[in-house]
Amino acid sequence: MVNNAKGYRVWYIPDGYIPPISTGSLVSHESICVLNANEEAANLSVTIYFEDRDPIEEVPVRVEGRRTAHVRTSTLEKDGESIPVGVPYAMEVRSDAPIIVQYSRMDATQPANTLATTMGFPVA
Amino acid sequence: MVNNAKGYRVWYIPDGYIPPISTGSLVSHESICVLNANEEAANLSVTIYFEDRDPIEEVPVRVEGRRTAHVRTSTLEKDGESIPVGVPYAMEVRSDAPIIVQYSRMDATQPANTLATTMGFPVA
Amino acid sequence: MVNNAKGYRVWYIPDGYIPPISTGSLVSHESICVLNANEEAANLSVTIYFEDRDPIEEVPVRVEGRRTAHVRTSTLEKDGESIPVGVPYAMEVRSDAPIIVQYSRMDATQPANTLATTMGFPVA
Amino acid sequence: MVNNAKGYRVWYIPDGYIPPISTGSLVSHESICVLNANEEAANLSVTIYFEDRDPIEEVPVRVEGRRTAHVRTSTLEKDGESIPVGVPYAMEVRSDAPIIVQYSRMDATQPANTLATTMGFPVA
């Protein structure tokens, strides 16, 4: 039986996009914000889906117990592969412990930045 | 029995609106961002509801297996009908395979653009 | 047994706020965006909660079958009472048929407007 | 048996961040917007998680019956500790009565402010 008292183990975020341009005082970026409310560390594995190529599979991320990690998607990297800017993509986040995942994007294409956020979508 | 390990088959988005004006370097637009994490392709059918007329029914969209598609709502078209700009509408997205749907709008009415996003609402 | 194939009958939105100022070409406003995907009309009843006074109870709203309605919260009115601008409030939306409710706010306090959106929170 | 007709008792918000800079006419801030639709008061307890230190545990918040409270996260304080600006954090909100929790951030780093909102994530 799955115990969801501290969250879920599989999350999806369909709308990933790293804006290629930054102006003003902030840099365009996205983050997956993870809360691990368990005592022990959580080992995450992020798979990155694209529109026209095979996924980058199972990028590892570690979040210590009773900690949050706000992970910039531009830092996700495996075998020299990372997410290109200006390309639509999506993410699957798997964890060996229940977590909560929120997604946020700061778009600084214009000097007047704009921020958007939503919870990830949990399935298990 | 429905297996929701890869998402849901019916999604709703009540707040659709294509801003009629664009200024600055970006164009006002909305997208439905679909993730198909299955091996096989998903065949979607989008029905568009309005405030004062009958819906545009069952616009087909195809998303290959293990791919995402960020579909601009302005490209949805059937029998010569598409979504007019500047009109409130809503969407129902049906799929023959479980998917995840996120909705985003970039409003570039002002030179300082603004971005909003939310997961769609799944019902089955 | 509740059938949720077309949505839910009770929705909550805790963060209501009508910005008192508008600049630029747009007017600050909020909307509750309702989709009624049933064949028959849905009769809604909106209760408005405040921080320091009793609620405005059961403001009626009607949404025809197979239609969406994007209702500006400033138009909700009962017995001469409506939502004041610049005041934090919250909403409960009840319906006699299953619906889907999304909440959006356009804040035009600055000439550079900003848009935020989220699904309402369903409980029954 | 848990009765969720008025909401949930445990909510999570992974993406907390108080922008350190404010320009224009508004002040950068975040709020947790709580709706208590019960007749009696709800006693909340907010735990604040960080990336690199132990949590601030169980900050008390009270919301009267049939009232909403839009609580600025900068006002959460216990034993002289509060949330520093410019630091990623996350929140756990526990309540002795079912409530609904929405999270919003107004970022006024630029003169052109930007607003983001999402429902909290309920687990119990």
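We just call them A, B, C and D in the order they show up, numbering each chain from 1.
Throughout what follows, contacts are C-beta pairs under 8 Å (C-beta built on N, C-alpha and C of every residue); 3 or more make two chains touch, one makes a residue touch a chain.
All values reported here derive from a predicted model rather than from experimental measurement.
> Same or different, please, for the chain A to chain B contact, judged on whether over half of the interface numbers appear on both copies.
Different residues, largely: of all residue numbers at this interface, under half are found in both copies.
> Would you mind telling me which chain pair, C-D or B-D, is linked by more contacting C-beta pairs?
Higher contact count goes to C-D.
> If you average the Cα atoms of chain C and of chain D to get two centres, how far apart are those centres in Å?
So the centroids are 21 Å from each other.
> Taking the mean of the CA coordinates per chain, how far is chain B from chain D in Å?
30
> Going through chain D residue by residue, note those that touch at least 2 other chains and give them in order.
Chain D, residues with two or more chain partners: 110-112, 114-119.
> Please name which positions on chain A make contact with chain B in the complex.
10, 12-17, 21, 49-52, 54-55, 88-90, 92, 105, 107, 109-112, 114-121, 123-124
> Spell out the part of chain D that touches chain C in their complex, as residue ranges.
By the definition above, chain D touches chain C via 4-7, 24-26, 31, 33-35, 37, 66-70, 100-102, 104, 110-119.
> Please output the residues of chain B touching chain D within their complex, sorted ascending.
Against chain D, chain B makes touches at 112, 114, 116, 118.
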